[in-house]
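What follows are several structures.
Shared chain: subunit A. Partners: subunit B in the first complex, subunit C in the second.
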Partner chain A sequence: MFDIQEKLKEIGPYIEEADDDLLVCRCEEVTKGEIRRALHQGIFTIEEMRRYLRSGMGLCQGQTCGKLVKGIIAKELHVSPVDVYPASSRAPMRPTEMRILAEDGGVCHE
Partner chain B sequence: MKIERYDMIVVGAGPAGLSAAIEAAKQGLKTIVFDENERPGGQLFKQIHKFFGSKEHKAKVRGFKIGEELLEEAHRYGVEVILNATVIGLYPQKEVTVKIGEELRHYKGDAVLVATGASENMVNFEGWTLPGVIGAGAAQTMMNLHHIKPGKKVLMLGSGNVGLVVSFQLMQAGCEVVALADAAPRVGGYGVHAAKVARCGVPFYLSHTIVKAEGTDHVTGVVIGQVGADWNIIPGTEKHFDVDTICLAVGLSPMAQLLKQAEVQMADTKGGYVPVCTKDGATSVPGIYAAGDVSGIEEASSAMIEGRMSGAAIACYLGYMSEGEKNARMKELEAQLDTLRQGMFAPKNRGKLVEKTDEGIAVSMNLLENGFVADDEIERYPGVTHQKGIHPVIECTQNIPCNPCQDACPKGCIRIGKNITSLPAVEGKKECVGCGMCVASCSGQAIFLVKEDVEPGFGEVTLPYEFLPVPEVGERGLALGRDGREVCSCEVTKVSKAPAFDYTNLLTIKVPNEMLMTARFYKKA
Partner chain C sequence: MNNTADVIIIGGGVNGCAAAYYLAKRGVRDVIVLEAAKSIGHGGSSRNGGGVRQSGRDVRELPYAMYGIQYMWPTLSEELGVDVEYTQKGNLRMGKTEEHIKKLQTLASNARAVGLDVKMIDKKEVKEICPYLSDEVIGASWCPTDGHANPLTTTLGYYKRALELGVRFFTEASVKELKKVKGKIRKVILADGTVFEGETVILAAGYESRAIARTVGIDIPMMRLIDEALVTEMQPPMTDVMFGCATADFYGHQTVHGSFVFGSDSGWEPTDEMIDPSNNCVDPSKLITNAFTLSASCRAIQDYIPALTDAKIVRSWCGWLDESFDGVPFLGPVDEVPGLILACGFTGHGFGTAPSVGLMLSQMVVGEPTVVDISALSYNRFLPVR
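Moving on to the complex of A and B:
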């Protein structure tokens, strides 16, 4: 990881781009501009971005936008996508109803 | 909490997972396979085209058939295959949480193989969230599983094998493919796949990408434009097409989240976020293995071999196979894998421009830039010969791992040799009887039979035809060239269907002798 303050200086201020209103995460309706602005506030990892904007937290769990968000972060930070810190993976891997989790194979007594 | 135990748990019933389960079950391991789909076979059950490879890799068998054969074999060896079963958690202790229907269940394996395959990539452009913008995988699911036409007029983005194969399937389903675009300067997939799309009249726009999708509540059009050296659209190059569907085939990414969850060491590579593993799929966590697209995107043929390698490695790891037995099996499998990883599309050549075939023949640049071999380029390949009587003309011009044409000919007219990536050559000395087996067996639909002078001034071309309705003998229509343009009018003189052709019908058309080397497709007038 890099020094946040140094990196913020290096990338300069947020400058609006023509396609900033483009939806990137369609499940949670997060736009490219929101992601770019968050970057200029020091949100540099996919994990933080997910918590901050909820990108990649919807139905498809980032299957669609994960790579795109990574690309935007990399471009804005002037690094290779390979160097963007990935999100952590944890169960449940796919959206699962609370009821099913709570029952955990048994019977739930409401 | 009840935990069920197995020797080996496999996540994913695609070619990799099923092959691994079969290999392990043969050695006596108690094996269970989970898949979140309602059908087994992974990507295979959507593939209706004939596959490349050699006999051992089930070449010329249609994808979904390979899936069925694998499932049948798995059942025969006592593998339990549980469908509609989503693995939602994998832990380093080799515990697995599975959602089966509405219920969570827990399993523990002495070994776990993750063979979850890959997911489709997306691209963003104005209007990409409009209904009508779909992934190539979704298009295949709609057509080949649910028999629904994804749209009437389609633009395909992506010239890799997926984009090419799905474009062809869209046309088979009755859609019009108005254009195929790709931001890359050259066609990414096999030339034979490109050629069969181009000869149907689909224009290729390389170095082009989507500017925007048009429409308010669904897609009504698309604008593409040429990309410059800086990857931006060159102003003034925009082109509009009326379409109701935009199909995206822009690559796949390994779905390796379960492995990460299990604390396996991962690597971020150009090919995606993948587990670090040995040749036989062992990861950094003892007992957890990975095989198939999840450890790096390749093909079903290589996924099957990788699966078998992991199956054998796990059998050995759990003491069902001696080290010596395992090594012998590995050697066999590695040799098979090696034959697949040769040729122009070998992993080591990815992203490189290969200008000469292994035989030293110049690769067709027109094929790479427009999707078809130009008339003045075709003569230089060893599959193209001129003979008086009926003979095959093989327009397979790149070194790809494939050889069913060689096995198909009962007369020995076609030679590839030991190295399956060599170009097929026509042996002029052997006499062709015109049986058509080579035409029907060619996975790339690249073989034609040509016969001069069936009547004064006219000859016949026999071509593979996988569209409906099948034309009738006596029907008059238009012969199309390799570029899909009309070259002359023609008459259908023969239609052959045989069980051995496996639904590839052979259409014979009569054209003027001078068109025998140009006419390559048929269109009803």
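Moving on to the complex of A and C:
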């Protein structure tokens, strides 16, 4: 069981940092400051962060920024990065055209 | 830790979070939300297609679907301080054959009979609304007041505002059992044995609500189905309508971000019994997409919207639907268990109605009449008439 309000109290208010403008997710242009601010609003998991800010939701699906985001979350929440639950990987493994995915031996037209 | 509150809400989906927010907004701030998963909105609420529709809805739900669209969705972003991307640019339900058109005509006239503006339009008008559609589309039904929104930011937006107003949220808090004390609901017991106590309990845990309600002797007739969705890479702005088709092969829209989100199923999705039912809600690895569905969805979509044939799919996922036996939710207090309020069985369309449902749940808690009459959605509608 995880008490969100308790954790919010523990981590205290958001305090601006010098490198908050740093671009962390390049595909969706999400900065370190946006991620840190979201954490102080109660967005604690990678799953929630992706949905809230779109970090890791672009073309590379978080392959570039996944580790960075994890590190920022861990530091802000005072936990080890290994305790930050990873995002789920989804099909297709890399972006694939609709017309290619449509070909599984099924028929296109009746 | 103080485990007691005026209201305990089971389930941190869009309906649970909305109820928490509307309660806090009206001053009922001693509220606890219990969510089984690690993330708020882990269920259908973050997996859905974002449709905010009235067309196609049952007459028992239509009044509050319409209420939300008229009075709540347009100002929701401002209210929550999060962009919920509400876009009210109409719903186009397409047909390719005479048979499809007949089906759409029936749906349209049913909708008009209950006061909803839905009309039939021809091929030319369809192309005017969206020029990217296939020439095979011969007509459509058109509901100009339907639309779409972003389910991810809506769900987390309600959560964020409720937190700001003091609502207490617990994640990894899986509810196992309810208990009455002196004939009234009182205890909410977690799988790990922790006990919470409340005056009122709102049960909004999707399909899992059925097992939870059984612990106080109430059966809610619903089952669980899988629905899948996919998202394309960003496209240039092409359309702002919500799409559907007569055969329900797919539905979807272009998001504010530029990607298209489509939902569909192939009919080959595994059912409940094929997957470990004890924990598949909490463990995302148990919610597995089906090899048939993505492919079948792509065929359906590109046959209606050929302009997307070369669009790349970046991600696909699935989610559970809490399918009620007669297709409409269970919404309201339980006579046999005073203090218990049900909000489940949303049957694949509970996102669009979440604002009005959340509001009505807050009204039920304080004993105020709901903004529209929902007595037809009582859980006991299946009881034999005596």
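Definition applied: the second predicted complex is superposed on the first by the 101 of 110 C-alpha atoms of A that agree within 3 Å, B and C clash if a C-alpha of one lies under 4 Å from a C-alpha of the other, contacts with A are read in each partner's own complex, and residues count from 1 in each chain.
We take it that a residue touches a chain if its C-beta (ideal position, glycine included) is under 8 Å from a C-beta of that chain, and two chains touch if they have at least 3 such contacts.
What you are looking at is a predicted structure, and each value in this text was computed from that prediction instead of being measured.
Colleague: State whether A:I4 touches subunit B only (first), subunit C only (second), both chains, or neither.
Modeller: In the superposition, A:I4 contacts subunit C only.
Colleague: One more residue to check, A:Y14. First (subunit B), second (subunit C), both or neither?
Modeller: neither
Colleague: Can A:P92 be said to touch subunit B (first), subunit C (second), both, or neither?
Modeller: Both: A:P92 reaches subunit B and subunit C.
Colleague: For A:E47 in the superposed arrangement: first (subunit B), second (subunit C), both or neither?
Modeller: A:E47 sits against subunit C, while subunit B stays out of touch.
Colleague: Among the partners subunit B and subunit C, which is in contact with a greater number of residues of subunit A?
Modeller: Touching more residues of subunit A than the other partner does is C.
Colleague: Quick check for you: in the superposed arrangement, does A:L101 touch first (subunit B), second (subunit C), both or neither?
Modeller: Both subunit B and subunit C are touched by A:L101.
Colleague: For A:L59, is the partner it touches subunit B (first), subunit C (second), both, or none of the two (neither)?
Modeller: In the superposition, A:L59 contacts subunit C only.
Colleague: Touch test for A:K32: subunit B only (first), subunit C only (second), both, or neither?
Modeller: A:K32: touches subunit B, not subunit C.
Colleague: Please write out, lowest number first, the residues of subunit A touched by both subunit B and subunit C across the two complexes.
Modeller: 88, 90-92, 96, 101, 103-104
Colleague: Which bits of subunit C are touching subunit A when the two form their complex?
Modeller: Of all residues in subunit C, those touching subunit A are 1, 38-42, 46, 152-153, 155-156, 159-160, 163-164, 166, 168-173, 190, 192, 194, 232-233, 257, 284-285, 289, 291-292, 294-296, 298-299, 301-303, 308-317.
Colleague: What part of subunit B is in contact with subunit A in the complex they form?
Modeller: Per the touch definition, subunit B meets subunit A at residues 1-2, 36, 86-90, 97, 99, 102-106, 119, 121-126, 128-129, 253, 255, 257-258, 260-261, 266, 268-270, 273.
Colleague: In their shared complex, at which residues does subunit A touch subunit C?
Modeller: 1-6, 8, 41-45, 47-48, 51-52, 54, 57-59, 61, 85, 88, 90-92, 95-99, 101-104, 106-109
Colleague: List the residues on subunit A that touch subunit B in their complex, please.
Modeller: 19, 22-24, 26, 32, 63-68, 81-83, 86, 88-94, 96, 100-101, 103-105
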